[in-house]
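Note that the chains are named A, B, C, D and E in the order they appear, and that numbering of residues resets to 1 at the start of each chain.
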């Protein structure tokens, strides 16, 4: 249905900090006004809660990873479109161990991580690369908020987590990183996803979001005082300083240029990545409500390619709005 | 007849007691219908039939990965943590409650400190708890104990203070030493109150248990709830919440029954909840 | 030497004087009744005899010993209320003093020693008419029964001084009378020194061989709490050989007078 | 002299009261020294000087982004939520407590339901709360209210039940209607207990406030702790925890003082905590 | 027509009979004292007169009205304990009945009406000797003062029937005497019907013009609770024109007898 006021949710993470900045700096309002609509960007501290709220219909869009989008809203029957492909993790997620050890040394050990999250996925990919499987290790579900404190206890020897936790943990003596998302580039993707139906009925909503996002991107990328000020604001909002934030950005492949994002989205490798992801989810029994097969939930990719049930497409990668941004048509 | 004198007859009382439960259920069913009319896959309020089916599954089918039936494994793990944590809290509560309530010196030393402790939000100090007690079972038990002990201490010391001076004086004239008075006069008189304080703390105890299990665990009712919260599986969360509520109720009921049996003198008159 | 000597005792609560200059010598074995207007400080005086409270000035000695600093088994007591332990059955209330004495550590006896004491307790219960209630809780007794139990309990250790604060106020005349005799028997037998606060002048003069009247010597008509009470009359009666003297009315001179509604 | 009769003189009492606080501080200082001897950058137990410096900074320096001094802004936001939540819980607690304690029909209808509600762990139902009440201020206030209301209701209804029958009968013979008895006999008699129940619930209330702020908020004491927890910035967390504890203490103290002033009759005898 | 008619009233608690077949007619304005052994059911009988409890069988009517189902302002009452409201000052305790009557909604009066009632309350306080305590809490009064207040409060609405459960048990003789006269004055003035449970036979015979003795007609020596009590003696005395009759001893035949040591 047509409406003129929208709400999107975001949570604190290096690649999503621009959303908060857009709201604070008025960039979002400016773009919303251009299209005669109203967009409210709401910060939610708990990432999972923000996605749940979106799935339950409290928001029209939410910042999420490709994996969580597939398992939560798409799996829950909410037809969802990836409007903006903001970045992918290029080292932001990592497997950390105490001592100088490798995967093979972890056999039989407990690994602390947020179960069923991208960390879990990263570990599975890492074990696979080392010729092992999850059965070789034990997993202790550990909340992200307490990961740093948990790692500081003697009983914890290995953990998988993301930034800024990775940096904080790496500061402890005797910690080494044995695997990170730079080893699987492009597989952990940070998106702004929106309700497909809402987007179809209100293309202006998509245009406003994309316009505001890419204006912020160019501001952020610029090596100017204004750019630095913007990044400093984002750093402080995430509880760190500019240096800390820049360090996090260094392990994040931000798509400052919409053309890069379009190219990434249209690359057939994305389909391959999502195939990995859906198999991982299915193996862990969380690919949607009682999914009987890995094909139960359909996904659509640019150029008409699909994965899974074409009659039940719930997750769509649609570069149209990024293309508009790239072509300056917003 | 005044409402304060009108006692509903048994059958009406049963109906009245059922009413709020029925209304809650109805609200759920209607809410679920409305939401699923909009999105048939809605996860937030799944259809009651679905929830029941899923509950049966959880209670009977062994997990693919571990071979255990998840519900029972989680229940055993959680109940054990709860029991140990509450037992520690009750012992500490009784000991310090008596020390504070009965001995002026104990009161001077500890009353303000316990009042201060009871005001610290334990969840905010989790990192320190972890370092001191590790991340295993101990820290979960300790979180429960830390969370509810101050309340129990304060409640019991108040009750000890409320023992009529006449009784303490009489006990002294009967030759009781401080220790004997503690053992034979104060302790048995606050024992029923200890049971009641434990009953009142069970709510917070479950809360801390769930919080502890949400932070680091491999099984337990709270662990499962937070794990499946990741994909809003209310069809799992709701049976688990109902089950927790049922367990809590069963424990509460047993404690009340125990109190009536063990401390008959405290239940000779008046109704109590 | 007097069994109880009260020397120039004053008691004030905050700035309110309750008792003023009470000076007494009580011989061993005297049965001393204390009467006086409501709120004049009789219970306060008893609490000081008990060493539950200390005089603000002056001192109280028993058997010439230094003033006690806390209640002990040489002083038995029965209060108006809360004198029995609600969590112990009637029989166990009676056992408690023996258990305190017999087991320093646990305050609890077991086995044959306990059984013997239980039989003894049952004999006492028989005598005070509570045998059929031996296993009941105090709260299941009527007020009168509770008070009978409290008296029996206080007498269990045969204290040197027995302090009673209106012990018979809640008893019916029949039981009261038999309790009077029960108490008198015990008094004669043990030679205890007894202090009894009573509201009932005839009770005081029937039981006691000394009656103390507490009253204020001075009254401030504008502030009834300005002065404390002291012993205004002190009747010494030879045992069984006395006539009730004319006790003057006590209380404030403008005491409440009934007037037509 | 028996320990139960030994009252420490004022100066000793003050020393005794300070003792456990001093020991706690000492334990911290030693722990901090030991850890920093191992790893000079240790973040878990920063040196007291560092903590104090940081605390001063938090309390005085305006934030660059917003221009507010963070500590005060967070405090204002949190206290407001707490006050509204507790006020709602207290009103509901008083209302339902009287309904349950005074009226047999109310007791039949609500006693088991409230007992049931008090056993549900509110944290497990957070997703539903957030959906129903949105993510704004309302849901935080509601979480606090939902969390502590059942306790207050149960406590107050128990207290109402404990009013001696003689009083209720006497009030009836003085011509009081049910409503008048509620208003003039039951309510004023449980009012001091309401204050005490609120004092006892403040701990859980802070807990729920912090939990709610950790999930969705942009200011508040719990939010700040959550935000810096991922950096293990104990130099921020500790002052915040101390500050929360101090606030809780100040509130507790004011409530106690208020109770003594407003309900003198309930404080005429005996010590109380 | 009799003011209070008690028709074949039985009362059992669980399986224990307390009262058996009590059948009485009390004339309007009679002052009826109830005496009997402790625990025989005097208070229970009073609770039934009050309509606080219902008889297990039989019925009680006042003024021929259908049996009341709950206490009301036509019956005043003073209990042994808890008769005054601890949260109200002495004066406000006295105001409460007027406030109940004067304000259905708030049960609380303000302004000149209140001031007038307060002055009236102060006059009553003066009369019962509590004027200097008007602003104190009941817990600050001695037991005797509390009970005086309770009586004044129960009389405030001048009930048709006044029920007193050992109201003077805790008063000292002086105050007790003035309260007796206060009560008698009010009784004569209003013509109330009064029931008073007492432990003191002479009090019963001094005040009342009818004295009921409750006792068991039958005793089972093996089970003292096997039978309930009833009215075994009923003395009707014409006002001020009587001699205390020889009241036979009551209580169980093997009543507790004091024995040596």
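The working rule: a residue touches a chain if its C-beta (ideal position, glycine included) is under 8 Å from a C-beta of that chain, and two chains touch if they have at least 3 such contacts.
None of these values were measured; they are calculated from a predicted model.
In summary, the chains found to touch both chain C and chain E are B, D. Across the assembly, the chain pair joined by the most C-beta contact pairs is B-D.
Distance between chain centres (mean CA atoms), chain B to chain E: 46 Å. We define each chain's centre as the mean of its Cα atoms; on that basis chain A and chain E are separated by 80 Å.
In chain D, the residues that touch at least two other chains are 2, 5, 44, 127, 131, 172, 177, 229, 232.
Of all residues in chain C, those touching 2 or more other chains are 70, listed in ascending order.
Looking at chain A, one finds that residues 52, 56, 146, 148-149, 152 touch two or more other chains. Every pair of chains that touch is listed here: A-B, A-D, B-C, B-D, B-E, C-D, C-E, D-E.
Across the complex, chain D is touched by residues 50, 52, 70-73, 75-77, 79, 81-83, 85-89, 96-97, 99-101, 104-108, 137-140, 150, 153-154, 156-157, 159 of chain E.
Taken together, the chain A residues at the contact with chain B in this complex read 48, 52, 55-57, 68, 71-72, 75-78, 112, 115-117, 138-143, 146, 148-150, 152-156, 285-286, 289. Chain contact summary for the complex, chain C toward chain E: residues 35-39, 43, 80, 126-129, 132, 141-145, 166, 169-176, 178-179, 181-182, 184-186, 189, 199-201, 223-225, 249-252, 255-261.
Residues of chain D touching chain B in their complex: 2-8, 12-13, 16-17, 19-21, 44-45, 100, 102-105, 107-113, 115-116, 118-125, 127-128, 131, 150-151, 154-155, 157-158, 161-162, 168, 172, 177-178, 181, 200, 202-204, 206-207, 210-211, 222, 225, 229, 232, 234, 237, 240-241, 244-245, 248-249, 252, 270-273. Looking at the complex, you find that chain C touches chain D at residues 69-70.
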